[in-house]
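Reviewing the structure listed below.
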Amino acid sequence: MKGGGRSSARETIGRVASGAIAKKILKQFSGTEVLGYVSQVHQVVLPDGSVDHDTLTLDQIESNIVRCPNPEYAEKMIAAIDDVWARGDSIGGVVTCIVKNAPRGLGSPVFDKLEAELAKALMSLPATKGFECGSGFAGTFLTGSEHNDEFFTDEHGRIRTRTNRSGGIQGGISNGEIIKMRVAFKPTATIGKKQNTVTREKREIELTALTRHDPCVLPRAVPTVEAMVALVLVDQLMAQHAQCNLFPINPELQEPLSFNSPNLEPANI
Amino acid sequence: MKGGGRSSARETIGRVASGAIAKKILKQFSGTEVLGYVSQVHQVVLPDGSVDHDTLTLDQIESNIVRCPNPEYAEKMIAAIDDVWARGDSIGGVVTCIVKNAPRGLGSPVFDKLEAELAKALMSLPATKGFECGSGFAGTFLTGSEHNDEFFTDEHGRIRTRTNRSGGIQGGISNGEIIKMRVAFKPTATIGKKQNTVTREKREIELTALTRHDPCVLPRAVPTVEAMVALVLVDQLMAQHAQCNLFPINPELQEPLSFNSPNLEPANI
Amino acid sequence: MKGGGRSSARETIGRVASGAIAKKILKQFSGTEVLGYVSQVHQVVLPDGSVDHDTLTLDQIESNIVRCPNPEYAEKMIAAIDDVWARGDSIGGVVTCIVKNAPRGLGSPVFDKLEAELAKALMSLPATKGFECGSGFAGTFLTGSEHNDEFFTDEHGRIRTRTNRSGGIQGGISNGEIIKMRVAFKPTATIGKKQNTVTREKREIELTALTRHDPCVLPRAVPTVEAMVALVLVDQLMAQHAQCNLFPINPELQEPLSFNSPNLEPANI
Amino acid sequence: MKGGGRSSARETIGRVASGAIAKKILKQFSGTEVLGYVSQVHQVVLPDGSVDHDTLTLDQIESNIVRCPNPEYAEKMIAAIDDVWARGDSIGGVVTCIVKNAPRGLGSPVFDKLEAELAKALMSLPATKGFECGSGFAGTFLTGSEHNDEFFTDEHGRIRTRTNRSGGIQGGISNGEIIKMRVAFKPTATIGKKQNTVTREKREIELTALTRHDPCVLPRAVPTVEAMVALVLVDQLMAQHAQCNLFPINPELQEPLSFNSPNLEPANI
């Protein structure tokens, strides 16, 4: 069927549908919000710090067709996509995803670290080639004293970190700060230009895709990224809840599963 | 115990031990070789193309203490580590890992893509903050026509790709080319400098690590990366073998599990 | 919907469909045959030894509507079912299932013993209340010297047991003899007679089932039993194949996955 | 090592240790108690109804060396074991296990029915050959109208069943009544009498076990049965808690996880 190859991202419909339910559970349980947006399309790169994660809203992201919360860069991205479309070519980019009011304590200490679970979930999406959490590859250019997140006690008596280079996950476990990830999507393989290839019988031929194709999947990848993140978080929340709320060993040492925003109340603890 | 925190990389001893067996199995089954090396230490970045993956050997990697196959850059990395050690600070970097003679067909098409399995395995190692496969984040700056790997039939009648931007994995399944990954390790958190933190009782204090610590884990991270990659590959090879060799639906459509180097013979098919 | 409660055995359709494929794989791989039959309906109990498992065929089982290979007892079972049907009541019974030419070596030594896997698979069928392997509960009335299966070398040079009280599984691993199980099905709960019950609001009422119901599920349970057994065996065969054929440690100590009947050749080793 | 074969029940030490913790969790969470006892040794069969499950205590079971709560039958069992020991032979039997104050709602509706999970766990113990839940094989001799457990509302306003032929599990889910199981253990294979066997080289020889062996494992099997049951229940309780307490869809339809004994209060809901 035209447009429906083995690795077609059409498969992600089931992920997005179940992710929608996972998002509702997270929202109601702890005011947790999963927000993805396009932070790079080909050479158009949203500068660091141009999106304020503390105040970012879904409306800002959905205000334009490329799902980039910065209107100026959204225009540039749209222009880049229009341009590559006209040339029968394709481009990739990066989706950034954050989790606000993430419950603390999610993730396992060794093999099933929260970053490991998120990495697998996101690298299982079609066309992904890279994953970063927190400072990611850029963090490798810092020293330990520059990179370390200093702990302090905030005005509500909660233990916080002053910076968030860890991206909300330390030692594989969420620490209550904003979880921050970046996912690289390669340019779509199906393009309108002629390409060399071989048949199953190993004969060399030229191929021009006749199927409808997509010059840039980034805007439509955003919901799939959010869905996978939400599904991982609900799974981990269930494990955490079963482990820590069913039979707390020493309640004095345990804070309730928590959220950052002091005016939100969890729906059900 | 000094030096043995919850997230101490001492835990990886079991991974490296079992990885050693996995490597032997891969070697004997299909001449498959898993080779990791340090490609970046802090600001010292091994330039692209300075390592020839086709001829890279374990001896080259093990020829110096930082496990970087380029002697000139190895010197620079050692100097950088010495320097940061003297200052009581720490630095991170990148481990590159390749798989030569990787069997074709490993990985599942949807959730358990080979990249997803590798990403989880590697992001479960302590201090990792990023994972890339093939062109990774850099690939997002190319267009589809620049990025696509052209298929051709080589002189041994095998279907190959002229470039390998996919990093040996297409649509989640290994294609027989060299598998190529990069893993980011953040600078170690435990440093000799004084840092601000809070106690469990939320009192703000200053902390200076008294424990023995490590200014740069990169050289010692190499075997852990190789181990995790080898373990994933053996798991996938077992699944593939059970699925395709136990009861082949249509043998005419299937090539034997294969390897690139024509003068190597698999130990047992 | 009438006749389709939460625990309706209609759910087993997917098990039987996939079991049919599993049976084909087993047959082609090693001439393995999974045969179930009704050995008890209410008070009508097929005597021990009245079915010769070495010569039992699918045709004998399918020769009558209750799937009992003994025509005389099949008649009695049909009469018992007719009788209970007329009275608006229901009856249960026992399905016996055997596996001929079962490959040796299937099953894991500790938690995932072959008997454990089969027990779970069969006790997951609706209305099952008991599972036996080999001598089962009856074997508890024997002494060790009466119960032990003596090993000998048969005329084809194969190691066999003279008796088969173990039911083809020793220490959790198949030994190549006929695997023998019995599964108890309780009488169907939905009957035509008036019964006392309570509503969700805890009010006591009388209930008479208006739905079409089934006085005895035993004949129709046979394919579900066979399906679950075949699915377990294929899973275990895949695990065994991956483990032992991919990379045999010491081939001299290993016999090929085998079958009892010397004139059958496996389709693919 | 003498006495430590591949299938030695010494392996169960880890099961019993972790089962002890599982029992504590169950006790504290919902006053749940797992009690196993020997109900048959060879020909000595404790008559139905001779143990009152509502009042059975651990002390009664531990009052003698065979772990049979009926002193008269305990004497007979001890005599039977002494006798078979003197003859260098071995005998098997049946362990009955009950769960009092079992939480309602445990188990999954299709493949992971509570009976299926318990069956697998118990059939993974060495020497087991049969498993029954509730009426078991004996229930196949009843009609549906005799077998069905009538629901009623008890004096505390709780929905109960008047009989408990289901053994506390209906449609794969616990219903709050006493869970009741029976497990068959075959006579130990290692005996003091001479037996015929073959060597690995297929030579026929006679074998007399020189190792210390055990004429009857039943009394020592009791803690292993209890441990496996407790571990299954805690697993299911965690799943149930994560599923139903984290985010209740419609709290009006849900009763709290419950227990039968009205004067016990759960430690933590």
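When the chains are written out, they are named A, B, C and D in that same order, and each has its own residue count from 1.
Just so we're on the same page, contacts are C-beta pairs under 8 Å (C-beta built on N, C-alpha and C of every residue); 3 or more make two chains touch, one makes a residue touch a chain.
Because the structure is a prediction, the values reported are computed rather than measured.
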Same vs different contact residues, subunit A with subunit B, by half of numbers used: same
CA centroid of subunit A to CA centroid of subunit B, Å: 22
Distance from the mean Cα position of subunit C to that of subunit A, given in whole angstrom: 48
For subunit D, residues that touch 2 or more chains besides their own: none
Chain contact graph, described as a line, ring, star, complete graph or other shape: ring
Complex contact set, residues of subunit D against subunit C: 6-7, 11, 40, 42-43, 84, 89-94, 109-113, 115-124, 126, 128-137, 139-148, 150-153, 157, 159, 165, 167, 171-172, 182, 184-191, 193, 195-198, 200, 202-204
Contacting residues of subunit A [partner subunit D, same complex]: 25, 28-29, 237-239, 241-243, 245-248, 267-268
